[in-house]
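Structures are listed in the sections that come next.
Two complexes follow with subunit A in common, the first pairing it with subunit B and the second with subunit C.
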Partner chain A sequence: GDSWGIFTFLCAALCNLPALPALNCSEELGAGQSIQQTYDLTRYLEHQLRTLAGTYLNYLGPPFNEPDFNPPRLARAERVPSATVDLDLWRGLTDNARLAANYRAYSRLLCYLRVLDGQVGTAELRHRLAHFCASLQGLVLSIGGVMSSLGYPLPAGPAAPPARPPRAPAAPNDFLKKMDDFWLLKELQTWLWRSAKDFNRLKKKVPPAVVTLRLEARGF
Partner chain B sequence: MARRGAGTPFLLQLSLLLLLPLGGTLGCASVTVSPPIVPLGSAVTASCTVQRELCQGLEPGRVRISWMLDNKPVAGSQRQGPGGTEVSNLTLPRFNHTQARLFCCVEWNGTKQRIGMAEIRAGYPPAKPLNLSCILNLGDYGLTCQWQQGTDSHLPTSVVLKCTGSRAQAVTGCTPRGGHSHCTVPRRLLQLYRQMEIWVSATNALGTAESEHLRIDPMDVAKLDPPTLQSIQSIPFQTDCIALAWDVAWGTEHMELQCELRYRAPEDPAWALVTGIMGQAGTAQRCGFLFGTLYRFQMRCRRSSASALASWSEWSPGRNYTTHEKAPTGKLDAWWGAQPAGARGQLEVQLRWKAPRQQEANGRVLGYRVSLSPRRRGRDPPTICNTTHTQCNFSVPAATRRVYLSAYNAAGESAPTEVILLERTGQPLAGLRAVPGGERSLWVHWEAPLAPVTAYILEWQRVAAEPGHCSACWQMEHDGAATTALIQDGIEPFQCYNISLYPLYEGTVGVPVHTTAYSQQKAPSHAPKLHLKRISKSEAELCWEPLPVEVQNGFITSYTIFWASSITNVASATVNPSLSSFAIQGLKPSTLYKVHIMASTAAGSTNGTSLTLVTTVLDDSEIQFLFLSLGLVFVGLMVLLICFQKNERMKEQLWPSVPDPANSSLGKWVPTAVPQEPLQLLASREPGPAAISTVTVLEGEPGKQPGKEHPALAAAPPALPRPYVRQEGPGEPVQYARVGGAGYRGQRLLPEPAPRFYENLRVRGDGGGGGDWAFLEEPPATFPLLQGLRLGGAEELHE
Partner chain C sequence: PFPPLLSVSPAADPAVISPQDPTLLIGSSLVATCTVSPDFPLKAEDLYWTLNGRRLPAASYAALGPSTLSVALARLNGSRQQSGDNLVCHSRDGGILAGSCLYVGLPPEKPVNITCWSKNMKDLTCKWAPGTEGETFLHTNYTLKYKRRWYGQDNTCQEYHTAGTYSCHIPKDLALFTPYEIWVEASNRLGVAVSDVVMLDILDVVTTDPPSDVHVSRVGDLEDQLSVRWSSPPALKDFLFQAKYQIQYRVEDSSEWKVVDDVGNQTSCRLAGLRPGTVYFVQVRCNPFSIYGSKKAGIWSDWSNPTAASTPRSERVAGGCDPKGGEQNTTLRRELKQFFGWVKKHAYGCSNLGIKLYDQWRVWLQKSHKTRNQV
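And then the complex of A and B:
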């Protein structure tokens, strides 16, 4: 309804920011190094999310912070880009498609996170969320950089929420809202985990001249 | 201005503000300086515009504008300006002050008044900041950058750190506080894992300067914490490998790290480094460690994907681990001495050996075992010695040729080393010599042997008064072809060592050869004490005890004796060190000499204490001769004396005896018969025994009789002189003098020629007269004796 419209508006406003010509940055580095940096950033975000999720779930309170809390997926949570796609299917995609999917997913996830940031109560959480959002934004930009250095075109425009059917209303009550947040974090975790694998694979594919240095440094 | 009460300060300020521009003197002139901030040393132009109407109290006539720069007057050019104003322009060609005030002044009531002021500042454009470097703090992900300010520009400068991410829009990262040259960019402006451009920009009124742009990924300059070593184990067991486990530092778990491990045993000179360890793995294995040794392990990590800018973390806190022990390996160096002893054909053996090296000991050696046969399974051989020392003295049957030595530790016993007790009958080596190799070492050289040698044994003992036995002062040289060896154990400088070399042949040990050496020599601790053995007129013989070995500090090369007196120069003589006495020749007799001895080694000399000696005046022989001659002379004199005593004639010659006049022949003489009465008288009468005992010369009255005298001669007529004849009669005393009462006129000299010396008085025949005798009547008084001689007759007459 109205809240959804406001949300959409906010998202659109906020999400335009990452789409600014981030590509104007002069990436003189080779594709190999950008991939490596993106991979490192993904790992970093994974690590940050662990801490953030712990703090946030504690903030949400029980039952969300219980380790064995494993709720079924509600239909309404589908607005968050789901990472639970068939892995074979995923691997079957081209590099371009995967990168594009990553780019879109993270842009939307960033939107949602920013909304979350605006609503959170404690200063510590706000600080952590701000930190995480900054890093996530960096990731989106990095992926854009990788795509351009590999010669792929950027996905057109942010994946706007209007793509989703507006039938999922805003959370009617507090509990369901918390549920939404829980699933947001969970999806984020899965996305990051999969992206790390993607970039690792990509690193090996990219011209070995650039990446060999890295592999040798890491092997025995 | 009127002083209002404190109650209306605001109104006062307001009124001041209103009044000043209207009526004040400041409103009448305006000073403009262009430019107000100039580079140091450049020209400045200023102009002062005076409006007469606005200035009250000015003197009529032309106003004269003058300039003052701080306190110094400067000249400007004045002209009429538009609208009845006076304008004065001033150009300062070289403005050298960093800050100065320029005043525009006019004559006012006879004094110069400042009516306008402008402040001029000068300086340099800002200097380029240098050496920009940044570090990312993993705690708050703030990027701290620091740089070096350039030279001071004397103008207020604002410094700012700028950074730009991928948006290519420079934003101010951070502003340093105060005069600091570092500041921290917050996380929200950073782009992690992406290139950023960072630089410092300094701006003042004269320009802007930028430092070198730093293009970095903030994560590359992150300061990592070191990993923590968790556990170390010996895996698999009984090998020389260990397995390590560690945890990476908190905050770096997501990073791909490459790590380095270093380890060291305390006796190792340097760390052993292992590189290329994956930080994420958490475990690693490494082999090649010694058994039973304490090792110290440390690790550090770095981002493996980082560029060259990334630095290593600090080394983690060390962790100690002692590898497990194993039975000792290898053979022990052993040396022995054997003597037959006891009646039952026993052999006394002193066996010595060296402790195994760390690589062979495989742990801490607990003890050593000596036995007669090697260890066989199941049976423990009889143990002769079980000791923790590296030597053992024991007795074995004389026929024993082999003993077995093994070392054991907590993990087991080593394979026994066979020690064959060979006899010392082999060929000795030649040409053994030892030279110093340092302060505490000796190089030993010898000639190559004729027969092949399996090993050499070198022994060294300190040469001292009480010989101690050093059981560890030996070493084995395993190279049979060597002709030189270095001794370093237990060699002290300034000590004499006796070095022996034994060649070990196949079936025998060679007879040892010996030599002595010092590793370092110095002057002796003191010189020997001189004693005087014998001294004479021109030579003195000195003797001394040779120095004991402990005091020598080196081989004595010579002794030098110095002697000097107050009149001669110092003379010296060098003596062979084997001698211990010396005779100094050519001394002057009866002189005081100071002598001392100097003992010299190759490395110095020591002087002894001075001995004072006085040479004799005469030689011994001379003295003896002198004494002998004196003695003889004395004896001769004694003999002479005795002879003299005995021999009268000699005595007479030398000491004639003066006869006693009473006993002389003169006393027996009597006066001769003079043909005169007196004589007859004399003959007729018996001479009475008249003896005169005393004679007194009287000068008294005639007729007075002296009291004491013999009452014989008073008033007697003067007797006729008559010669005296010796009376041969016993007991007839000799009469010497006549006591004459009267007519004694005392003594007087004979006026007439006196009788000659020793001449008897001649008696004239004619008596009574004669000119010979003036007082013939009386005997001449001057010859009392003579008178006495004549008196004898007179007395008789009188009696």
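And then the complex of A and C:
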């Protein structure tokens, strides 16, 4: 449930603190556990996002909260990194590129979500958004931790997302802003769905013994 | 596995709606127009409107030009959501060409019932209620402002929602012995409303922490009493004030509190008239009135965390009490007491012999009698 997810998230955040020298001794084991924890985090966030998106889309009002809503994606709204990618391209990604894409995407998404937090109307929404941003921050840290434990450099740019997002043109009217918000949530959903597949793939690179143990423990 | 790449529309907006994101009073009417961009091969007859996802009747449409369609909305209701009603212009196949958010509501009402309190004279927290209507359908911003009377400069409170939705906390830079003017401004897209001004001196609205170290203990063997002791709140120890205390207590499985009101300035009190062998929950609170000689009442603190204690229950022997035997015992006991008194005076040694020893023997006798009966 929720408390298990929070526990996993905390473990992930804590395990990836660079200050702990003990992790260097058993890097392979450390990476395996980190990958599993990152995978678990994405599933937890996926679950959290369902509630957040539901509340937020209700706040935007119909037609945004209708299940089949699919508005045009205007060119000006390309600021949000897209999760969708050619299948062969995706399969061929190196571990480094795969992790880096995830790291960059969530760092950007976190920025935009934080801006949203400042503008949104109701107290309940602000509270949910703040909670989600904290969890998402944990995911970024977790991915960074996996990259470090595998010896990959973190993608260029600030390690922690800057307070202000890279200046994309602000929506010229309130309706277009609602559409931007809708697409932000949609991309977040798609990314979390894709990340689960990314980390599943990465898990296979880890010594099987570790993975098997974990699966048995979880009753799969 | 992955959804197909989404088609991206050309750079220019397909259509323009006017008015864009208007603010309107409830009950007003509106005529909106949708003009298709010249790059798009759409005509007025290819368009339709929806409001919050529901299609608007064609009877309310009018073509104002080859690529401009208008819609007439009459007697608008308050916005369905505070983010604005979604008025959308569609092409025949359902695609969205443009949208406009309608903010329909009422101007705010004067906020009312401003009450404030200061914790240990260090800060000030105020809360208020929105005006009687409450529902304006528009997002309403509240700003609490305050200034020292006769000093001119307005200050704005920054920390909101500390004691509920309509509250604000002023953490520092407050002066004592001077009246403050406090008011709340409510504003939304349709206007501003200002509450009445409340005037107060910080010293008149002081509250404090609940008393610390609340101890509840038995009073010897008394079955119907408990003794309550506490410390006066440490935060106010340096200040000149009188404290009033109140105690409330209840039986463990009841929700009815009994209040002891006339505790005055003491830090201890004895509860009487209680049930024997019962667990009681006790709480204490403090009112720091007359701080620095202020005439006002002061504000009661929160109740202390409940402390539990139980009244004793006397032991009754299962073997039954024989009244006659009891009487005999009393006479015997009296005689024995006299005997022991004489022994003490005239005999040396055996100084442990006394009525107390006899009583202990009686207790031992009862206990072993009881155990024998139980076996």
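By definition in this document, the second predicted complex is superposed on the first by the 174 of 220 C-alpha atoms of A that agree within 3 Å, B and C clash if a C-alpha of one lies under 4 Å from a C-alpha of the other, contacts with A are read in each partner's own complex, and residues count from 1 in each chain.
Following the convention adopted for this analysis, contacts are C-beta pairs under 8 Å (C-beta built on N, C-alpha and C of every residue); 3 or more make two chains touch, one makes a residue touch a chain.
Owing to the predicted nature of the structure, the values given are computational and were not obtained by experimental measurement.
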Check the residue A:T122 against both partner chains and state whether it touches subunit B (first), subunit C (second), both, or neither.
second
Touching A:P71 in the superposition: subunit B (first), subunit C (second), both, neither?
second
Looking at the overlay, does A:G61 come into contact with subunit B only (first), subunit C only (second), both, or neither?
second
Between subunit B and subunit C, whom does A:Q36 touch in the aligned arrangement: first, second, both, or neither?
first
Could you list, by residue number, the parts of subunit B that touch subunit A in their complex?
141, 165-168, 187-188, 190-195, 217, 219, 253-256, 258, 276-278, 304-305
Touching residues on subunit A, where the partner in the complex is subunit C:
58-64, 66, 71-76, 78, 84-85, 87, 90, 121-123, 173-176, 178-179, 190, 194, 197
Inside the complex, what are the residues of subunit A that reach subunit B?
20-22, 24-27, 29, 36-38, 40-41, 43-44, 46-47, 130-131, 134-135, 138, 141-142, 145, 214, 217-220
Quick one: in the complex, what on subunit C touches subunit A?
1-3, 5-11, 13-14, 17, 20-21, 50, 52-54, 80-86, 88, 95-96, 98-101, 139, 161, 165
